[in-house]
Amino acid sequence: MNSRERILGRVRRALADAPGDEAPLSRDYLREHGQRTVAQTVDLLAENLADYRALVHRTDSDGLAGLIVGLLEKRGSASVLVPPGLDEGWLAATGVPRVTDRAESTPAELDRVDSVVTACAVAIAETGTLVLDGSPDQGRRRITLVPDHHICVVRVPGQVVSSVPQGLERLDPARPLTWISGPSATSDIELDRVEGVHGPRTLEVILVGED
Amino acid sequence: MSGTYLGMPAFPEAAREAVGNATLRGNLRHATHTIRAKRAKAVTEVSDWAELREAGKRIKDHTLRHLDRYLVQLEESVTAAGGVVHWAADADEANDIVTQLVKMTGESEVVKVKSMATQEIGLNEALEAEGIHAYETDLAELIVQLGKDRPSHILVPAIHRNRGEIRDIFAREMSEWGRPAPEGLTDTPAELAEAARLHLREKFLRAKVGISGANFMVAETGTLVVVESEGNGRMCLTLPETLISVVGIEKIVPAWQDLEVFLQTLPRSSTAERMNPYTSTWTGTTDEDGPQNFHLVLLDNGRTDTLADEVGRQALRCIRCSACLNVCPVYERAGGHAYGSVYPGPIGAILSPQLRGTGSEIDASLPYASSLCGACYEVCPVAIDIPEVLVHLRERIVQGGEVTSRGNKVVLRPAKGHAAERAAMRAARWAFLHPGVLRTGQRAASRTRRFHPRTLPGPGRAWSGTRELPPVPAEPFRDWWQRTRGGKDGDR
Amino acid sequence: MRVALFLTCVNDTLYPDTGRAVVKLLTRLGVDVDFPSGQTCCGQAHYNTGYRHEAEPLARHFSDVFGEYEAIVTPSGSCGAMVRELYPRMGERARAEGRGDTLAATLAPVVPKTYELTEFLVDVLGVTDVGAYYPHKVTYHPTCHGLRGLGLGERPRRLLQAVKGLELAELPGADECCGFGGTFALKNADVSAAMGADKVRNAESTGAEVLCAADNSCLMHIGGTMARLRTGMRPVHIAEILASTEEEPAV
């Protein structure tokens, strides 16, 4: 008998006497916490992102390119990683050399890039979470991991949901997802939170109003 | 489980040492009290906590009830998404599978995401024996690995170390394993985190094989989920060419939607955050993004034996948040090492004796490592009634009975070493069923009370070593009641 | 209403003053209280140490002795929780062991009508001011089985707050276990003693003269620790405080 059959057989024997439970699961928890207007939901997102030490900026589509170039300059970035499908206009104002997200790049090469600019798939207000799903404007998972500075653009209010249940509804489990809530952190020293370990230590979030 | 723990002394002896260690007591007290207040606040933020807890419990119970079906479904979906599924009945088999998979890549080092399952099976030691170096990349695991120490907490394995001790370990040991600690390293947490970042970065960037566990596996979609904080998980899950995930079979949830419960309850229960900094989900492999080879090793190692026990199986709901450790007054004083297992604290006290059986001295002592205060049950996000299972396991130890061991039903005999207790319990039961006997005993105690010693000999010393005995009154209540007709004839 | 006092074996043997206080208090509030002399022990120590089968006859005996009363009042959170929480579970386990519904049916009548003292006062009699007088500074320790098992909540504190002359001091870390835990105190004596010492230090930090609780088992452990550590504090059962009046003050 192989281990697959052995384990499945053990499971079936273990459950031989267990009573059935065919009643459907009642999901009587909330779909979202509290009632908010669209604008209040966006404000909550900004507040919770900032609470976990993300730097939050707000602009409209006309101001976006200028804001991004300002952030890169302020940081002194000498190079910026760009996913293949990023809106051309976002980086139109910057002359910082671009590094394209390519399959052939080695992790060491990515480690030499200063910043990365991406879009996101959805943002969750209640938890201050950005979710990236590897779409062309977000790139491979590693590009938002290895560089130390991540600028993430969220289209508001279109990409913003209130809660984790609403966020999951919008996401495709077949895609590789990265949920980001603030810069990397650890609670491993005396169970107290310290920001900044392996992932980007600076997370800047731009909430860009839709026209 | 890991051989590291064989021959551990029983809990009370190990705990005695910890109770006497002032530094350890201080470290544990500081850390557990810090997180307790924060968790309470994080939980209060969500008004439907009780409903989320109930839903989490029911999803897990439902999954366990149909575990065979969901395991088969998971295997199909992972395979369809490009992954390879392996089945391991015990620790040795899991270690063999992983070792062979690593050898097939031709690599001699692997980077690891913090994983309870791989610690449980002693994977690092098994790989080392085959010449493969496994580097722990979680900060606390790194502290434990560099310090040649053992983990003492599920979430924060180095909770027993304070910042000064961590600084000393880094300064002394990092150079042995790779990039040395920066000159003049101080004990500020930010500097310690920076030292870990620099030390591990070279390992991440060159790694070809990553090894992980998973917090959840979704049967319907074949998706695995890792919840973390530091980004070391993302490094291990996305930079290597090959990813091997070793996951206990109880980590399944049926549907994608089920994550909406646990992604709310887990972060708040474990690190007291609204959401942890990083959560990664992946479904098989993705072309040109992340590892192109993905292996999932499904681990039994005592889980099906636990599943066979009607009362004990609720321990398999555990999502390893460690809230029960943080509120446990016994854990706070005894520390994690006293539990002799990678699973310490209240959950460990019910999990280890079920996964490993109650044969060893340490495992037979764990069900008693609790005052049954109930704080663990109160905070558990999947409502595991830990006191109920503790008492159930005590029963198994003193009374014996039928249990499942490695898939076979066996009948345990009552444990040795409880004979005197068993006799005392029977005698007490007999006396309590004969009120006249009880009264005679009470009267005898009252009449001789002048002669009662202040301290007790033998096993009684366990009480009177640290506590005065209560004085025996001149008469028991029932005599007063009879004499005064309940005070109607005067109080005295 | 026919009310039975279930004093518990520990109180009967070691703390008769608590029993007398309960009788005095309930009588003062107009309750006709009886002490069924056949009562002994609820079986908690047996059950919690792993001797469920030894506890079963004690539970049946309890049901025989108390079954006819309309309410059963006990000055012990843990013994109250034994009857309310664990008797039903004993019935379920017997059923699961293929022994039918007999045990569950035997125990069922006593479960809903067993009350811990403060619960009985607040929920059944509907009083919080029991007319007590106790001119001392007191801190209150909510014992685990009362707090988390029975869910006594604010009831004991509300009763204490209404006592004339009583100054109630907040106990830091109040909801943490004192370390008694029945046989835990013997089997894990070192951890138990460390927990007890921490509880006593917290109590001392309030400056109170008296540490009050609604369970003498915990008070035996806390009081024994206080005496050994030579603190000036005393452990006092809540019944003795509530029974104390200006005419007949407790010491």
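Going in written order, the chains are labelled A, B and C, and every chain counts its residues from 1.
Here is the rule we go by: a residue touches a chain if its C-beta (ideal position, glycine included) is under 8 Å from a C-beta of that chain, and two chains touch if they have at least 3 such contacts.
Everything quoted here is computed from the prediction, not taken from an experiment.
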Interchain contact steps from chain A to chain C (minimum; 1 if touching): 2
Chain at the geometric heart of the assembly (C-alpha centres): B
Furthest chain, CA centroid comparison against chain C: A
Averaged-CA centre spacing for the pair chain C and chain A, given as whole angstrom: 52
CA centroid of chain B to CA centroid of chain C, Å: 32
Contacts with two or more other chains, residues of chain A listed in rising order: none
Touching two or more other chains - residues of chain B: 310
Residues of chain C defined as touching chain B within the complex: 7, 9, 11-17, 19-20, 23-24, 27, 33-35, 37-41, 43, 45-55, 57-58, 61, 89, 93, 96, 144-145, 148-149, 175-177, 179-197, 220-221, 223-225, 227-228
Complex interface listing, chain B residues touching chain A: 27, 30-32, 34-35, 45-48, 51-52, 55, 58-59, 61-62, 65, 67-68, 71-72, 81, 87-89, 93, 137-140, 143, 155-156, 158-159, 162-163, 166, 189-190, 192-194, 196-197, 200-201, 204-206, 218, 221, 223, 229-232, 234-235, 237-239, 249, 256-257, 259-261, 263-264, 271, 273-283, 286, 288-290, 298, 300, 304-305, 307-308, 310, 313, 326, 404, 407
Chain C-facing residues of chain B, complex: 11-12, 15-16, 19-20, 25, 310-311, 329-330, 333-334, 367-375, 377-378, 388, 391, 393-399, 421-422, 425-426, 428-429, 431-433, 435, 438, 442, 445, 459, 462-463, 465-470, 472-473, 475-478, 480-482, 486-487, 491
Contact set on chain A toward chain B in their complex: 2-4, 6-15, 17-18, 20-21, 25-30, 33, 48, 52, 103, 106-108, 111, 124, 126-129, 134, 140-142, 145-146, 164-165, 168-169, 173-194, 196-200
